[in-house]
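So, here's a batch of structures to check.
Shared between the two complexes below is subunit A, which pairs with subunit B and subunit C, respectively.
So, the complex of A and B:
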C-alpha cells in the first residue's frame, strides 16, 4: 500500500509535516471542575478533571492493557507539570473518554487533559502537548491516522513543554522496521515540531476562552479591552 | 560603587520595572496562559497563579552565571515571574497574581459559606465546602442548643449526631486554616447553623462576589444566604416575622446595659444581679430564636412562596449558565424581568427564553 503519493500528499490530503485539524471545546461536561472535548481529525476525546479535592479511595482503573497504558502515560506526564506541592492532602482525578479512535489516541488524550486542566484552573508549569510521528515510504509523517498506524512502521509519541522545549515523556513502537540513531533523531525533531504546531492551536483556544469569560464578567465596559497578544518581550 | 549608590540604583531599577508592568497592564486586561512570562523583574512578589523561574545561563539577554545564582554584583537573584494558570494579570503594589476564570473555592478567614456534612468524626464534623479539602467543624466551634457557654463534655461528644448528621446543610463562617490548606469553620452565632426547609443552588465559586451582607432578604419575600463558596441557600421569608421582634428587643437590652455600665455608683451586688439578668435574657432570646428556626422548619410553605423561591433559583442558574457574576442585584434583575415578561419559573430555563432574559437583563 502506498502511504505517500508521488505528489507528496498522504491518504487524507496532508503533507508529511502537517497535523490534522484540531478542535477544542471547553466545558462540555457541567458536573466537574474542568472539561475539554478535543478532536484531532476524526479522533475524538473527552477529558474531565475533578479536583483538587479531598483524598478519597483510589478510583477504579480500566482493566484492559491498552487503556491502562494510556492512563499510566497520562499520569506520568502530568505529575511532572502540575504544581502538586500546592495541593498537599488533595487529589486530582482525570477521566478520559475516547469517543472516536482514528489514530493518535494517546496524543489526543494528553492534549485534551492539558485543555481540561487549564479549564479547571489547575496550576501547571506550562502547557503539555503531545504528537506522534511515523516513518512510512521513506518519509517522516506527523500525526498518523488509523490507517497509517496499522502499517506497522515505527511510531513515536512524545510530550513536550512547548515554552522551554523540554521533552517530558515518550513512547515508541516499531514492529517491522529497525530504527537507526539517525532516523530516531529525525523522528524526535519532527515530533517536537508537531507538538509546537498543536501548542499554537491550543494556546489560541485557551486565550479565547479566558477573553470571553473576562468580557462577560466585566460587562460592556469599553475600557475592558482584551490584550490577547503580549505587547512586550 | 558605594553601597548607597548601589541601593539607589536598585531602587531605580525597581521603579523602572514597576513602570514597565504598569504600562503593560494599563487599561487592558492582560490575558496570560500557563508557561507565559509576565515580567522579568526581581522586585515583584509571587502571587496566586504564578511561579518564579530562575533564568538559565543559556537565556538570550542574560549574561550572568547559572540558574538561581546571584547577579555578578551579588545583589539580587535573576528570575522571571511565569503564569501557571490561564487568566488575567492582577497587580497590587508589588504582588502580581493571575486570576483564573474558574477554579476551586479557596477561602479567606471570615467568608460566609454553606456546606454539607459528610462525616461525623471524633469531636468534629467534616464538611464539604467545594474546596480542595473537606472543611472541619469542631465540636467547640458550634453553638450548643439553648446557647449554653461551657466546656464540651464527653456527653456532648456522644450526642453529636443530634446536632448534625451526614447530608445536613449548614451555614458557617471560615475561622482559620490548617497547615495544608484545610479550612476550619465555626457556627458560633445565631445566624449560622443547620439549614432547613429551603433550596440549595450551586454555582461556580468564581462567580460569587464578596458582599457587604451575605444574608439577604430579597424584596420578593425570599431569604437568601450567598455563600462565598458558590452555594446559595434559598428559603421563604414568611416565618421570620417574629425574628424582627427579637432583634428589636436585643437592641433595647443593649442600650439598657450600656447605660447601666456608665453608672459608677453601682455596688457589687447590683452588678452581679445585672449579670445574672443578662445571662437569663440571652438564654431566653436564644430559646426564642431556636423556636423560630424549629417553627420555620416545620412550616408547610404555600405554593406562591415556593414559586418565588423557584423563580429566584432559576434566575441564579441562568446567571451561572451564562458565566455572569451572581449577586442579589443581578438575581433580582432577572427575577423582575421574568415577572414583567410573564414567564413562569418553569419556563425560564428553556434555551430561547433564557437567551432573551439574559440579553435584556444585560442591556438594562
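So, the complex of A and C:
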C-alpha cells in the first residue's frame, strides 16, 4: 500500500509535516472541576478532572492492557507537570473517555488532559502537548491516522513542555522496521516540531476561553477585573 | 520557545514567562498565587488568567507576580498548620472523627476531607486523664489545627491549645449550649452542665449570666 503519493500527499490529503485539525471544547461535562472534549481529526477524546479532593481508596483503573498503557503514560506525564507539592494529602482524578479512535489516541488523551487541567485551574509548570510520528515510504509522517498506524512502521509518541523544550515522556513501537540511531533522531525532531504545532493551536484555544469568560462577565471591556468571574463555560 | 515576557493585564497560560531572572536584581520578584519560580530564578505562570503585579506596602523593591483566575472556587486543601473547622461525626474512647467544613476562612462544604483527633491531642495538659466522651460529642462544631497529613483516610488534628476545641454544640435538650468554662457547657433551658473541650471565647463570664 502506498502511504505517500508522488505528489507528497498522504491518504487524507496532508503533507508529512502537517498535523490534523485540532478542535477543543471546554466544559463539555458539568459535573466535574474541569473538562475538555478534544478532537484531533476523527479521533475524539473526552477528559474530566476532579479535584484536588480527598483521597478515596477506590481508584478505577482500566481492565485491558491497551487502556492501562495509556493510563500509565498519562499518569507518568502529568505527575511531572502538576505542582503536586501544593496539594499534599489529596488526589486529582483524571477520567478519559475515548469516543472515537482514529489513530494518535495516546497523543489525543494527553492533549485533552492538558486542556481539562487548565480548565480546572490546576497549577501546572507548563503546557504539555503530545504528538506521534511515524516513518512510512521513507518519509517521516506527523500525527498518524489509524490506517497509517496499522502499517506497522515505527511509531514514536512524545510529550513535550513546549515553552522550555523539555521532553517529558515518550513511547516507541516498531513491529516491522529496525530503527537506526539516525532515524530515531529524525523522528524525535519531527515529533517535537509536531508538539509545537499542537501547542500553538491549544494555546489559542485556551486564550479564546479566557476571552469568552471575560466578555461574558464584563461585556466589551477586556481590561475589567476577572478575579471573581464565574466558571469559563 | 517563547522568550517574550508578559505584561501586566496580559492573559497568561501555564508556562508563560512573567519575569526573567535578570529583572530580579533590580527589584526582588516573587511568585504569588498561580505562579512559581523555576530553577533559573524566572517567574512563570502555572494557571490560566490575568497577570497582576503587586508591591507590598513599604517595600517598593519587592514585586509579587500572581495570576488572577476565573475559576469558581480557590483550590484549597488543608496543610500542616492550617486551622480547620469541623463537624464531629464519631467519638470512640481513643479518638474522634470529624468532617472538615472550613479551611481557614474558605469553606469546603462536601469536600469529604476528614480529620481525626486522637486522645493525646485533645489538650496540652493532663493528657493521660482525657476522656473522649467528656471532650466531644457527635454534632459538635470544633476548631482544630492540622498537625500532620495523617493517613490517606484522614488528617491528624489537634485541639491542644486554649483557643481550639468546641465552638458550638447542641445539648441533650436539643438547645445550643453556652460555654461556661474551658471544660463545661451549660444548657440555657434545662440548666444541665455538659462536659466539652471548649475553645476559648471572648469571655466566659458574660455568657454565664
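Please note the rule applied: the second predicted complex is superposed on the first by the 217 of 233 C-alpha atoms of A that agree within 3 Å, B and C clash if a C-alpha of one lies under 4 Å from a C-alpha of the other, contacts with A are read in each partner's own complex, and residues count from 1 in each chain.
The working rule: a contact is a pair of C-beta atoms (placed from the backbone, for glycine too) under 8 Å apart; a residue touches a chain by one contact, two chains touch by 3 or more.
Model, not experiment: these values are computed from the prediction.
J.: Applying the document's definition of touch, where does A:206 land relative to subunit B and subunit C: first, second, both, or neither?
T.: A:206: touches subunit B and subunit C.
J.: Tell me which partner A:124 touches in the superposition: subunit B (first), subunit C (second), both or neither.
T.: Both partners.
J.: Of the partners subunit B and subunit C, which touch A:90 in the superposed model: first, second, both, neither?
T.: both
J.: Regarding the shared-chain residue A:29, is it in contact with subunit B (first), subunit C (second), both, or neither?
T.: Once the two structures are laid over each other on A, A:29 reaches no partner at all.
J.: Using the touch definition from the top, say if A:165 reaches subunit B (first), subunit C (second), both or neither.
T.: second
J.: Would you mind listing the overlap between the subunit B footprint and the subunit C footprint on subunit A?
T.: Residues 52-54, 83, 87-90, 118, 120-127, 161-164, 203, 206-207, 209-211, 213-214, 217, 223, 225-227, 230-232, which sit in both footprints.
J.: In their shared complex, at which residues does subunit B touch subunit A?
T.: Subunit B reaches subunit A through residues 20, 24, 27-37, 49, 51, 82, 84-88, 100-104, 132-134, 180-182, 206, 322-325, 362.
J.: Given the complex with subunit A, which residues does subunit C contribute to the contact?
T.: 1-2, 9, 11, 13-17, 34, 36, 38, 44, 46-50, 68-72, 75, 77-79, 111-114, 149-150, 152-153, 155
J.: Which residues of subunit A touch subunit B in the complex?
T.: Contacts found on subunit A: 33-34, 51-54, 83, 87-90, 118-127, 161-164, 203, 206-207, 209-214, 216-220, 223-228, 230-233.
J.: Where on subunit A does subunit C make contact in their complex?
T.: For subunit A paired with subunit C, touching residues are 52-57, 83, 86-90, 118, 120-127, 161-165, 203, 206-207, 209-211, 213-214, 217, 223, 225-227, 229-232.
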